[in-house]
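Would you mind keeping the following structure in view while I ask a few things?
Letters A, B and C mark the chains as written, and numbering starts fresh at 1 in each.
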Amino acid sequence: MSESTIDVLPELKQIVGAMLFAAKEPLSIKRIRKAMIETGSGFGGPYEQYAKVTESQIEGALELFQEDLLKAKVGLDVALVGGAYRLQNDAVCGPFVRALLEKNQTVRLSKPALETLAIVAYRQPCLRSEIEEVRGVSVDAILRKLMDMQLVRVVRRSELPGRPWLFGTTQRFLQHFGINSIDDLPGSQELKRASTQNEKKVATATFPEMEKELEIQ
Amino acid sequence: MIEDDYKVSLDVFEGPLDLLLYLIKKDEVDIYDIPIGRITDQYMEYLQLMKVLDLNIAGDFIVMSATLMLIKSRMLLPVEERRDESEEEDEDPRWDLVRQLVEYKKFKDAADHLEELEMHMENIFGRESEYVELGDAPDVDLRDASIFDLISALNDALGRVQEEDLQEIFAEEYTVSQKVTYIIENLKIAKRLNITDLFAGMHSRMEVVCTFLAVLELIKLNRIAAVQEGHFGQIMVEPRNPELPVEIEFEEPAQVIQELF
Amino acid sequence: MSESTIDVLPELKQIVGAMLFAAKEPLSIKRIRKAMIETGSGFGGPYEQYAKVTESQIEGALELFQEDLLKAKVGLDVALVGGAYRLQNDAVCGPFVRALLEKNQTVRLSKPALETLAIVAYRQPCLRSEIEEVRGVSVDAILRKLMDMQLVRVVRRSELPGRPWLFGTTQRFLQHFGINSIDDLPGSQELKRASTQNEKKVATATFPEMEKELEIQ
């Protein structure tokens, strides 16, 4: 609503806010810095100062941004998700946002799916056979579904005979659950184990169909 | 002779009113007291150039030239005689045209306002994360010089060319495709060229015209843009889609050259 | 970063902020109210108070939201566009956002297109012949292009002989230029005119090809 005026240079805090708002995905500090440098060197003149911005300055600006956002109580918050910052709505306003978006039926993961996901998350990279060992039941279909949902991915092939796939969680998994890193999961030290030790222990199960599909991709 | 399928056909969306307002502004004359003789002469000069360059000019331009001639002739009549011809009292023969120009000028100002809003909105992103984009349709850039600015530049360049020995001119061979390559190559190095510099050092009218037609052709193909910062400012030529290869077949505009001499 | 806690009821200001943030398009007060009422009656209990919210309360909350947002200087702003509210980035941060989103070249409208659009905007609903009378040149191609861009639309047929089309601007036009209503354009009173007066005055021009195309749609 204001006239086209770029005569006032914005503070770093404003810039990170505008960027987080307009971005379609969480932003890393590196990415924010890159855009600032590009703008600074592209525009030149008084903008050149932005080309010299450091990562710690950006981090400071992000902290300040979050602080001021929460102080203003405008229904918004910042979260660190998978190592990147995301602007999101205040959790207490969730029910209203859902009503607005008519997302009354949120897709929730089933218990078995959540359990499978938990095993993959804590034990990654892990074999299908490891998951089945823990759950005592075939996880073929569930694993497939979790991969469709892009919550689980193939990390690499293991060195075991038959070279079965090793599974892990995705960036999307972190976003979906609002987790910054796997290490932030409760009891992660306890539930994890040296992967080498287990890779040997676990029996190799073939996973032919799925593997075939994956190879096509 | 010019080949039938050789048309620069840069769609001239600007009309005769634009040309008149352009000339009025250029000469800094009062819109309510247009020196009709001088403006008419200039109008005809531009029109002639546009015709010669075979731009897609509409009949509207011709109609306007007739109107201008009529006004000019009536201005020469004493006021009493004018009254005899038309029943109206004392009306200045220019009045209808002035009214039309003033009305149009208002909308041009309104368009300037929209332009400012559009530029402002370029910096605004909503939650949809998209400034309401108009799609990829290549459009002429807003800062683009009008066709009249370009013709004016051509006129200046032609004026600067020394009167030469005609023999010499026809001995030299210039083509539009050659000049297209020349412009593209130069823009690879310079990134941005003043249109005046593009004509610099050219000694024949043919060369100037070929260069000019090459500029129009490249604009039409959206390969370059002729931008102008501010009214009557310098016209700069910039590349638009540098990655595209140039594959343009030209019929050389021999007729254009002939008509200019 | 906060825990999921619905033990504190959010203020209206927070709710409108969260909604504007989450919505993919500008929101009208009515739409905001609808979502609040749904949430209020759906959740019941202490939430029921939200089901009684009035439009003027929401308007007040939106004003407060904008005020606090600007005061906090977090790079965000609210605009009223085409009768609906939109959360957007602060214009001064625009260059940085553009760099982030890699929006280098924007398509801008040419002068003739802007002029044609201005005439349609001020004079709507108007005939093609009216536009041509003002511009002194055929606007067939430009009008077609503006319709392709969804900035101009056919409003209805006029009552004149041959029933030529009457053109007007679209919601997208308002959004593209960030205008709340046509009346907000400067000099709109002067440049407008009683449409009845002109509908009679203007000669009917046939527009056969375009009309044919339009009928197919």
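Criterion: a residue touches a chain if its C-beta (ideal position, glycine included) is under 8 Å from a C-beta of that chain, and two chains touch if they have at least 3 such contacts.
This is a predicted model, so every value here is computed, not measured.
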Give me the ID of the chain with the smallest distance between its Cα centroid and the all-protein Cα centroid. C
If I average the CA coordinates per chain, which chain comes out farthest from chain B? A
In angstrom, rounded to a whole number, how far apart do the mean CA points of chain A and chain C lie? 35
Distance between chain A and chain B based on Cα centroids, please, to the nearest Å. 55
Multi-partner residues in chain C (2 or more other chains touched) are 21-23, 79, 87, 89, 91-95, 97-98, 101, 178
Two or more other chains touching the same residue: where does that happen in chain B? 117, 119-120, 123, 125, 127, 129
Which part of chain B faces chain C closely enough to touch in the complex? 11, 13-18, 58, 60, 64, 100, 103-104, 106-108, 110-115, 117-129, 131-142, 144, 146
Residues on chain C engaged by chain A in the complex (per definition of touch): 1-6, 8-11, 13-19, 21-23, 27, 31-32, 35-36, 38-39, 42-43, 47, 50, 65, 68-69, 71-77, 79-80, 87, 89-101, 178
Per the contact definition, I'd like the list of chain C residues that touch chain B in the complex. 20-26, 79, 86-89, 91-95, 97-98, 101, 103, 106-115, 117-119, 121-122, 134-138, 141-142, 145, 148-149, 151, 172, 175-179, 185-187, 190-191
